[in-house]
C-alpha cells in the first residue's frame, strides 16, 4: 500500500486553496457565533458506505492547516478497504477547529475515496477474468481541473496505474495529430526524431491497419481506440509482444473482464476520475467539553 | 438564461491553474514534435450525449488563454439543452493551439455540464410533481475542492438555486453546533445576537420537536435533515409559513417529486456537485491546412 | 470579547504581503549592519494614547512570521480598552527579529486600533442616547483595499456589527441599480426571483415614497440614504417593524445619538474604516544583552 | 505633474487583490440579479469635496480589469487639484461592469486622494513660511499595509518627497539600533563599514549632543527626533550644511511653518499616510440605455 | 528551428517575477526622474560576441509586459547563430518603456544564449567526430533554480536534446537508490513493478559488472557514470543495442568527440546549464525624439 | 562573516518554487518506487573543489521544506572557504526525504558557491595589489532572473559589496538616459530635483570631459564606463575625493589589481553573477538502515 508518495509541498497548496474557498475572508461565522473558543471535542471520521479510502492525506492536511494542535489518529489509512461504519480517523482538540475544517476535509475524502473505490472495482473486475490475466488499469488526463495529482494518487491507492501526468511528460499521438501530420508513419517519425531518450511515445490507432503501420514504424506503445473485443484480440495477436497495448474507450465494469482476456496490457478509463460518485463519509462528534481556554 | 455572471477575474485564475496542471513547465511535447507551427485548423466542440451545457465560459477561457487569436463561435451557450451530436462551439486558428488547450477545455465542459444536467433533471422531476409545486432545488457546500464557483454557476444554469457560498457568508447551525451550544434555542440565540442584518441564519433540525423549538425561538429558515416524507409534510403544516423550509438528505431523482409535494420550499442535494457524472463532449477537427506561418 | 475569529490561514497571507512589502528582497540592511546576530532583547508594545485595541492578531503574526522563536505575552488583548502608557504585549528574543518586524506590526496595530477606537466611540455615542435605544453600529464596504477582513474584525472588536462582506454574499440594491432596473419595485422583484434562501436583500431608498413602495413589494431590509432625522423618524413610524432599517450617510459622532433615537435598527458608517486616524502605538526596547549566538 | 511612474505590472496585482476581495468567488449578485447584461450606461466620477487627486491610476485599473471594453476619459488627472463637483473621469459601457467595479475604484481613489490632499496641505503650509524656505515634505514607512507603493505615489502627487521605500533600500539607524550597538558612533561606524556606495545612511538623534557625535563620525543625513523648534534651529546652526537634516515627530499643519523656518531640509510625517481622511468621491450614472447585447 | 514551443502561459510568470524583482514596488526611479513620458526612441538589441540565440522569447516578453504598445521586429530568431555586431531585434516606442525593461530582457537573453551557445559548441564537437557518429547531447537536472523550462528550451535551440524535466516524469535510479534498494537488480525490479507504461526507466551504473546486471534485469536505458572512454567502448560492445546508453560525468568540449566515437547514444552535460557563461548582448539606442505625449 | 541576513520569509518562496519545479505535481517517482518509506540514512554534503561556500541557507531550506524532521549539522557555514573533500553539512533522517531534496539543494549550493568563489577571487586579486589599496568589489544588476537576492548575498559572502538592488532603490543615470535627457548636466539636475534624501544618485561617464561636467554639477558618485587604466588614474586625480568612483566594464581577474591601483573606490563586475561557473558539490550517502517506520 503506497504511503506519502506526495510530499506536503505538493498537497498543501491544493488544500489551502480549498480552505480559502470555504472560509472566504471572514471565516466560519456560524462557529464563531455559536461555539465558545474554549470548548474541546472528540470526533470520528467514519465511512457510511463500503469502499477504498483515498484522500485521507489532504483531508487530514485540512485539519492540520486550520489547527496544528489537533491530535489525529488514523484508523484506516489511504488505500484501505472499509465497510460502512468503520472509523477512518479520530480527532481531538478545539471544537471550533474541528467544525471549521470539517467540510473541506470531507469533500476531499469523499471525492478521492470515490475515485479509489471505482478503481478498485475495475481492478477486481479484471482480476476476476482469470489468473493469467495481467492487464493493468490506468487513468487518463480526463481529470477534475485542479485535482489531477490527488486523483492519480487515488487511482494508485485503488490498485491502478498512472498514465502520463500531462502534456509535458510523454508523447501521445492522437487521431487529430495523425490527421495534421499526414498519417501514422509521418507522425511517429516526427515524434521519434524530436523526443529524447526519457520520453515515452504512444500512438493511438483506430484500425488494425493503422496498428500494423505503427508497428512497422517502430511504435513501442499503441493505444487501441474504441475497438471491439474481437479487434483487440486480433491486435494482440498481430502485435505479438512487439509493443505495449492499451485499450481505451467506453470501458465499463461489465466489459472489463472480456477486454482483459484479449491480452491487452492496459485498460484506461476516464470515468475513474471524471465520473466516480463520491464515497459517503461523515464526521461524528463523540463528546464535547467546555474546559479551560485553549 | 443567465450569462457572464462570473467576471473573467474570477474564472481566469481557475482555468489558468488547470492549464498549468496540464502543461507543466515543458508544454505540449506531442504537438511540438508532430504539428508544424504554421498549420491552421477548424474544429467543433460537440456533445455526444444529451444534457444541459455548463462550463462553456471556462472551456472557452482555456482556448483564449492559450491563444487569444483563435476565432470562437458559440453554437449552444451555457444553460442550453443539447442533444447528442449538437455543436456547442466552433474554433478556428492555429492547430497547435487547438490541440494544446483541448483537454483542459473539455474537462471543464464535461464536468460542469454534468452538474448542470443533473440539476436540470432534478428540477424537472420537481416540476413534474404538479403545477402548484413551487419547491426550488439548491446545491450545498459538498462541492469539488477548487471548483465551487463554477459548480454553483452550473447549478444555476441547470435551473437550480445556490445555497450559501461558504462558511463566511451565512450562518447554518448544524447538529454538532447544537450539541456544543447546548440545544436548539441556545444556539439560535447566540447566532441572532452576533449576526448583523445582512447575514441569514438557518438551523438544522432532526425532529419535529426541534423544529417547534426553533420556530418558537424565531428561526426564519430551517433545514429538515433526513426526515421522512410524512415528517416533512407535518413540518410544513406546523410551520405554516413562519419559516422557509429546506429538505435535505438522500434526495434522489425518484424521491424528489414526493418531497416537493410536501410543500417544502427548497430541496438541497449534495450529489448535484459531488457525484454528477461528466457529460460526454468532444473536439472534432474538421479541416486542417498548412499555410503561411502564424 | 471576540477572539481568534479569523483563522491564521486568513490572516497570515495579509501579514506576509506586508512583510514582503517592507523587507523587499534584501531584508533589513540597517539591522544587518548594526546589530550582531547574537544580541537578545526584551521589548514592550505600548499605547501612547487611549483607545480600543484592534489588530493585535496580525501584529503578533508579523513577529511570529519573522521569528517563530520569539516569546510573546499579551497584556491587553484585541478588544480591550487601553489608556496611554498601557502595555499591550511584551516580546523577548533576538534583537534583530524584533527590529525587523517592528514597523509592519505597528502599522497593523495602529491602523486597526484606530478603526476599533472609532467604532467604540460611535457605539458609546449611541449608547448614551438612552437605555431603550437598541440601534447597532455597522461598517460598510468603504474599506481600505486589501484590509477588509481585518478592518471588519476591528469593527467587531469596537462593539460594532458587520455589513455584507462583499458583492458576492448579499444583495444591496442601490440608486443606480434602481435607475437601471426601472424603479424600486422592479428591482426588488428581480432580486427576489433570483436570490436563494440564504441571501439577504436590502434596498436603498432616498424618500419616504420609495420606502413605502419597497415595503409594499416585500422588502425586509431597507437602507435610508441621507435622510434627515425627521424623515428617519417618519420612516420608522411607517415601517412599524415590517423591515429592518439602516440609516446611512454623513453619520458623525455628534449626530449619532439623535439618529439612534429615531428607532432605526442600524447606523452604518464608512468613515469607521476609510477615515479613522491611526492609534499611536510604539515598541520600546527595555533591555538588550549580547550573549551566546542564537 | 508626475504621470505613470508606476508601471501596470506594479499596480495591477494590488488592484486585482482588491477586486478579488470585493467580488469573492461568486461575483456581484445584486447586479447579476437586477441589471440585464445588455444595458449600457454612462457615468462620471466626481469629487464631492476639494482636494488633490491621487489614485486615479488604480481606480481606472479596477474598471479596466473588470471590463477592458469600457471607454474611459480622464477629466482631472492624478495630481490635479479639484473643487467639489468637478468631474474626474467619465466612463461608458456595460452598466454591469460599471456597477461591479465602482466600489473598489472609489476606495482607491478616495483613500489616495486623501493622502495626496493631506500632503498638498502640508506642502502649502511650508510654502507659506516664506520665500526662502526650501524645506521638503516627506512620508515615512508608517503606511497602510499593502498600499505603500500607491501611498508614496500619492505623496509625490501632493508635492511631497519619498523617504526610503522599505528596510531593504536604505539605512536608518534608530534609537533602538543605537542602544544595541553601544552608541551613535559605534552604530554609524558599523553601518559605514557594511554599506555599499549606493545605500544612503541616516541616523536618528534625540539630542544636540548626539547630533554632534553623529556629525563628527561623518553622518551625512540626520533625523532630529521629537526636538523642539528651538533645538531644531540650534541643530541647523551647528550642522552648518555638513549634513541633511530631517525633522520628525508630531508634525502638524499648525506647526509645519515654524519647523520649516528653522532651516531643516526635510519634514517627515507619518500621518500623511496613516491618518489622512478619505476624500469624498462618487460615481454618478448619467444615462442608461438598454440596447443590443454586449 | 523550433519556435514557440513554450506557450506564453508558461513563459510569462517567469518573466513577470524577474520584472518584479527588478522594479520592486517603486518602479524605475531613474527613468521617472530623467526621461519625460513623451519621449519616443528606437533601439536595437545586438550581439557583441558570436553565439546561438536563446531566450529571445522571454526577453521580448519582458518588453511586452512593460508596454504592449512597443513595436518589435525580430532580426535573428531563437536558435539562430549570430556574429558579434548582428542585430537580434529592434524595438520602437516609449523611451521610458525601453529603458525600464532593458536589463531584465538582456539578463534572460544573455544567460539563455549562453546555454544555447555552449550546447551548440558541444553538438559541433560531436559532429566533428565523424559522419557515422549519431550521439546526441542532452542536458540534466543541474539547472539554475527557477529557470529549468527556459534552459531546457535553450538546449533544444542549441541542437541538443532534453533529459527528464524533473523527478516526476521519469525514473532515474542513481547510485544512492541502488545502495538503499540493495543492488541494481532489486532497484530495477522495484521500478518496473511500479511504473506505468508511459514512464521511462533509466539506471545508473559505475561498472561493467553493474551494466551486465542491469541488462540482464531488462534495463532499456543505462547511464554510464564517470567511465573512461575505454570502459564506455566496452559497454557499447557488450550492450549490443539492447539498451540506450548515456555517458555522463566530466564531459568537456575536448573529450566529447572521443566519447561519441565509442558509440554511446547520449552524452549528458550539467555544465551546459549550470556553468555556461553569459553571451554578451546589449541594447543600443539609435534615435530618440520628443514628440506628442504618449 | 555575515549570517542569516536574509530572513526565511525571503528565502523560502524562492526555494519553494525550485522544489515545485523539480517535483512537479507527482513527486519523486523514482524514490517512491525504489525506496521504502521506513529507510533512514545519513548523508554528507561535500565540496569536490575548493571555493567559498554560498547558498547553504537555501540548500538547507530545501531539505527542511521537504522534511522538517531531518537532523542537519553545518560543518562549513556560508562564507567559509573549503578545500575539495571538506564536509559542508551532514544530514540524517528519512532516505526518501534526502533523495527527494538533493538536486534542488545542490543546484542552489553549487551556483551560489560559484558566485561567492568568483567574488572571493576578485577580492583577493585586488588585495594583492598592495596594502594601501582600498578598492571594493561590487556586483551589478546583471544577475540570473529570480535569484538576485541570493546572488547578492553570495557576493557579500565572498567579500564583495552590493550595488543597488534594483531600479527602484537608487538612481543610476546611464548613457541612454544622458542621451535622452540632453547631456550629463541636464540629466543630473533632473535627478537631483526629483530624488529624496534617501536615494543615492550615480552617473555613468565615458570620458574625462563628461566626468568633469558631472563633478561640476555636483555628482557624488560616478561610474567610469570602459575606461582604460590610464584614463581611470586621470579620473581619480581630477576627482580628488569629491566623488566616489566606480570602475566598470570588462573587469577580469588579470586586470583587477591594475585597476585597483588607480585608486578607484569600487570595481563592479557583472560576470560575478552572470558567468561564474558552478562549484562542484555532492551529496554522499554514508549509511542507510531500514528500521521502524518513520
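Labels A, B, C, D, E and F are assigned to the chains in the order they are written; within every chain, residues are numbered from 1.
Operating definition for what follows: a residue touches a chain if its C-beta (ideal position, glycine included) is under 8 Å from a C-beta of that chain, and two chains touch if they have at least 3 such contacts.
Being a predicted model, the structure only gives us computed values, none of them experimental.
Novice: Give me the chains shared as neighbours by subunit B and subunit E.
Specialist: Touches both subunit B and subunit E: A, C, D, F.
Novice: Chain by chain, through touching neighbours only, how many steps does the shortest route from subunit B to subunit F take?
Specialist: 1
Novice: Between copies subunit A and subunit C, are the contact residues mostly the same numbers or mostly different, with half as the line?
Specialist: Under half shared, hence different.
Novice: Let me have the rounded angstrom distance from the C-alpha centre of subunit C over to the C-alpha centre of subunit D, please.
Specialist: From the centre of subunit C to the centre of subunit D is 22 Å.
Novice: What whole-Å value do you get for the distance between subunit A and subunit F if each is reduced to the mean of its CA atoms?
Specialist: 44
Novice: For subunit B and subunit C, let me know how many angstrom lie between their CA-based centres, rounded off.
Specialist: Here the centre of subunit C sits 33 Å away from the centre of subunit B.
Novice: Mind pulling the residue numbers of subunit D that touch at least two other chains?
Specialist: Counting only residues that touch two or more other chains, subunit D contributes 21, 23-28, 32, 100, 148-149, 162, 165, 168-170, 172, 199.
Novice: Can you list the residues on subunit E that touch subunit C in the complex?
Specialist: 21, 24-25
Novice: Of all residues in subunit E, which touch subunit B in the complex?
Specialist: Counting only subunit E, the residues touching subunit B are 2-7, 9-10, 148-149, 152, 162, 165, 169.
Novice: Within the complex, which stretch of subunit A touches subunit C?
Specialist: Per the stated touch rule, the residues are 16, 19-20, 23-28, 32, 37, 65-67, 100.
Novice: Show me the residue ranges of subunit C that touch subunit B in the complex, using the header's touch definition.
Specialist: On the subunit C side, the touching residues are 136, 138, 161-165, 168-170, 172, 196-200, 202, 221, 244, 246, 265-266.
Novice: Under the stated contact criterion, what part of subunit D meets subunit C in this complex?
Specialist: The contact residues of subunit D facing subunit C are 14-15, 17-18, 21-35, 39, 41, 43, 58, 95, 99-100, 103-104, 106-108, 110-111, 114, 141-149, 165-174, 176-177, 179-181, 187, 190-191, 193-195, 199, 270-271, 274-275, 277-278, 283, 285, 288.
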